[in-house]
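See the structures that follow.
Shared between the two complexes below is chain A, which has chain B as its partner in the first and chain C in the second.
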Partner chain A sequence: MSQYKFPQIYNFPPFFTKQPNEQTWQAQLNNWIQLILSYCKANKVWILNNKGEALSQGNIEDLEESITSLSINQDDGISKDGIFVNNKIQRRLEPQVINEIFQQMVKNNDAFYITKKDQSSVFINFYRPEDWASMILEWIESTGQNGTVLTMYEISQGDLSLNKEFHGIHPVILETALNVLVKRSRAQLLKDEDGKIAGVKIV
Partner chain B sequence: MGNTTSSPKITAQDKAILQVKLQKDKLLKYQKKSTLLIKNETNQIKACLSKGDKTSAKIILKRTKYQENLLENVSNQILNLENMIQNIEFKLIEQDFLKGLQNGNEILKKLNNEMKLDQVETLMDDVNENIQIQEEIDQVLSNSIVGKDYEDEIDEELAMLEKEEFMKQGKQSEQSGQQSKDNNELIEKLPSVDKLQDIKQDEEEEKDEEPVKVKQKKTALLA
Partner chain C sequence: MGQLPYWHSVELSAGSRPVLRENEVDLLVENNIGLYQGKSKILNRQNGRLYLTSQRLIYIDNLNAKEYSVSIEHLDIDRLEYTQKFLRSSPKITIFLKKYHRKDKTKSSKETPKYKTIPWICPICSYSNSVTSQINPNNQDYLPVCETCGIKSTPEIIQDALDSTRSSITAEPSSKIPNEVFNASNSAPSQISCPTCTFLNHPSLRNCELCGTILPLNKVNNKSQDENQLFDDRIKIETESSDGLDENKAIQPFIKISFHKTGDKFFFTKLQETLEKFKWERVVNSGNVNKDAKKVTNSSSSNDSSRLVSANNSTIGFGIHKLAQQEEIKTKKNELIINSSLDDLQALLNKANEILELTESFKKINPQDGQPKITNINQVTKNLLNESNDSTSQKLYLQEISRQLSDFLINDRILEEEGGIITMIDLYALYNRGRVGINLISPEELYKSCEYFHQLNLPLVLKKINNVQVVQDVKFNTDTKIIEDIKKFIINFGDEDLGSFKYSSVLKISDSFNWSLTITEEILKVGLDLGELVVDQQISGKFYYLNEFLELDSFDENRFNTIGEQKIIDDESNGNQSTDPTLETNDTTLQLPEVPKNQPFPEAPSHLVEFENKNSTKSSSLKQLEGLQF
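Now for the complex of A and B:
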């Protein structure tokens, strides 16, 4: 899937079983969260489902291709590269444990559910919305785009943001970042007729 | 969303630019989709040809050609929109520039009104007068500090010193004539002890005086 190097603990079989001792479990939980965050950052995974598959990954423009390739995996019922399955040591994490990890991540603001009802997948905040916001603001200022109207597409796909960390950012995550800027009174969102966010003016 | 008063305001121009930009984005997306489609279709054509299915290959090729045609149109349209956006943005900058110029002009006018020419002229005359007075005062001050009486005294003293020096020189020339006589007298005087003591005392007095002078000099320097 990528050049991401899993930490050593990933090849440690007990890591894939929920530890009965509460303290050990907390440490294990934290390790899992760190692993998920660093893995998603390295692969730019925006959405992770509870099978450990990246439902949305990399540059969002190539989304269609990645989804089709992933859906095949889903049909098989067995993920090839799911993060919660380690074929090398023949271990997999139980769905219930995964859900607990997700719950903790949502609590920590490391992730948020796609919808309130659907808790099978989460958006991963491998950067916090505040961090994304700072990156975007810095980019706006360094490229002299203060006060101009930008479309969401321009921020995530424009030529000017080509080498930026947020190039190809998922629109939903971009929205959370922009909302941070709105709260700081640094941005104003523009909506289209359907009430969807179409553009943003950042000062 | 953005209920706070300090948040950036959206103007009509912003909305217009956004509309244009959204159109551009749509075209860009369409461009991407078309290139993808063309890629897929060329692959299909190759697959058909390898099977020997020439007729379907031809049909697909027709579609591809049509797509390519559209794609070129789209590219041109994107270029147009980009130009449009650039023009609008530049016009906005020009507007700001004009506003800046206007503001500057108004300020200049106000400042010029505050400074009437007559006022400036009288002011300049005043300043000139004052400068002249200042110069006069300067002269008076520099004169009175080194008072004239004082200078006269200095001149007198200098003349006196010069006279004395002149006199001494005259005496010396006389003395040189008398020296032979004097020597004789000195020799006669030498044996007497009393007189020697007198001379010694004189010398000591001179010696005493000298250090005092040095000290005075030093204090002067220190001061």
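Now for the complex of A and C:
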């Protein structure tokens, strides 16, 4: 995993204070969102909580494991304190501000909350579901798997998708992507008895 | 008669109030006054304020204060007369002026050579001697002797000197030069020593040059007080029609004050009082009080009273005589009591004065040298007005305070010390501290008088910065300009943090701009609202940066390079200006934050294009802000 290089604004101290001027704050907010998205994209962070910790990151092998294991992934690319703390200039973003940023991200469809109740962490759509969907579609078409039934595991962990962006994609995000395809009636979801998605058939 | 010689010009303060002499005090102000000379209105003097001070009557024109303001000395006033309002004619006070021995101009210029001394230069030592112009150069016996070397002059030298002076007199007979020569040569023995400060004043002066005390009229002074010397040629008085003073010189010259609105009666009584007081003080000052009085010794008076008492006891009188006698004894007794109590009162007053002096001396000892000295303000009090409850005179009072505020802030350099802006609260405190004593003004009055700044054309502005009322000097600029200054300041003098961003704390800005902290914070808030500045709030305080959010938008990772470049330019410009650290010279570096960041080493043309782009985006964002009001 390549080390993420923070943009210069990350070292700009006022970046960590919510600006009183609405217009400035909007610019600041957009900068934050951009920063979070590019950061998550570079580090493949699927879930971010409001402390800036990546709750789920990298190659997700197992859904159960990914949600239950809330241990922080120690990675060189991420500082121990997460994205919202800059130890170099000793600045820290207030949790309130982080929540506001999350709200805005959810509004922009850049993220969605894990559950409606728990708004402390969000899934990050560093690619929009539509983008994921078209990526998957393209992959399926290029590999000639039209019409075949694929399991979720096959998409995210299969050998065929090894060097694709969505290799190791978080299952929840994958589900949103597949839902987009369903809406476009390019896919059919096959569910098991528990209502979980067992497979998908893409046409 | 074109112009009475009693009119004098008035020194005005920036706020169009008269500058008073040292011992002079404001007593009363009345608005809507017109002036008459003799029977006729004086042109351009029909709408003004009349100040009654302890020494003068000062008319200040409302329309053109600088040009048309005049004053009359109490010294020149002989007596007053009051005329009631009659039909459409406003009530008037007629002031009869003392008639001075009047010399014709021609006569006086004829006279001057008689007393004039002419300089002659000693051929031996070249010392410039003087000799009266009456000298007959042909009389060998009375030729002057050089004051330094004792050599007698020759008739030719004196004749030359006489001729040269005469020609200069004929060349400009009306000019003041001969007069001045005359004065200078003759004044030495007749200078008037000021009774207060002993300064030797020029005999034609009527008030001491140094302390403003009225000078005693000595013989020389009195003699020299012909009208031509009183005449103040800085003033031009033009009457509407003939003033009626011309034809008959037996008429005592008079002027009239016309009260277009109210206040006439009160002004009249007050003027009368003042004149009486003024005369009395002059008598006291000249030491003429009780000049011929003999001191009655205490013992004799007590003897007297005891004799009376004993008489009272011993004889049992009858009739009216006895009653009268008893009455007399009674009054005598009362007098004694009153006298003794008055003595006590006098002693108390003396003590009070001593205490005052003592406090003054403590003030000097008080080691508060660092504190700025607050100048005492010549009080504008409600006493100046006849009816303080009346709304028009209330308005006049507020306007006077407003004028005085501008004097106070600008002439006494208070506003300058405060960096051109002062909060109402600070102003209130400062101003009231200047108004020593109990004549303080209320916050409401202060606010109302500040509202008159614009109406009175005073160089001050009352405005709001956010929610704080401030009084600001007009010559200081609008908020946006101030923010520009702050930006320049941050760029050039701000501290640099780890990411090479320039910032400044509130304190530093407050210090450098000489603003109070409140004002600095408010101004910075304006900067935030305008989007020009951003804040970094920490436990350790607030730090202000330039707004770089929009410029850092591009997530450009090359910024490190450009920052380095910018730093170099910064250093250069700072180096250039190290000799002159004032902010005004920093215009050249204003453009610095707009150095293009995307191109670390740009070629010249693309550099320019980039530059313009940046400018245009900036101005468009500013345009969006133009509608905002603060």
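The criterion applied here is as follows: the second predicted complex is superposed on the first by the 183 of 203 C-alpha atoms of A that agree within 3 Å, B and C clash if a C-alpha of one lies under 4 Å from a C-alpha of the other, contacts with A are read in each partner's own complex, and residues count from 1 in each chain.
Convention: a residue touches a chain if its C-beta (ideal position, glycine included) is under 8 Å from a C-beta of that chain, and two chains touch if they have at least 3 such contacts.
What you are looking at is a predicted structure, and each value in this text was computed from that prediction instead of being measured.
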Looking at the superposed three-chain arrangement on chain A, would you call chain B and chain C a clash or a fit? fit
State whether A:Ala187 touches chain B only (first), chain C only (second), both chains, or neither. first
Which holds for A:Lys5: it touches chain B only (first), chain C only (second), both, or neither? second
With both complexes superposed on chain A, which partner does A:Gln19 reach: first (chain B), second (chain C), both or neither? second
A:Gln34 in the overlay: touching chain B, chain C, both, or neither? Say first, second, both or neither. second
Figure out whether A:Val203 sits in contact with chain B (first) or chain C (second), or with both, or with neither. first
With chain A at the apex, figure out the C-alpha centre angle toward chain B and chain C and round it to a multiple of 10 degrees. 120
First (chain B), second (chain C), both or neither: which does A:Tyr153 touch? first
Is A:Lys88 touching the first partner chain B, the second partner chain C, both, or neither of them? second
Minimum Cα separation, chain B versus chain C, post-superposition (Å)? 40
Residues of chain A touching chain C in their complex? 5, 7-9, 11-17, 19-21, 23-24, 27-28, 30-31, 34-35, 38, 88-89, 91
How about chain B: which of its residues touch chain A in the complex? 1-2, 4, 6-10, 14-15, 17-18, 21-22, 25, 28-29, 32, 89
Which residues of chain C touch chain A once you look at their complex with the stated criterion? 497-499, 501, 503, 525, 528-531, 534-538, 543, 545, 547-550, 552-553, 555-557, 559-560, 563
Complex interface listing, chain A residues touching chain B: 61, 147-151, 153-154, 157, 182, 185-190, 192, 198-199, 201-203
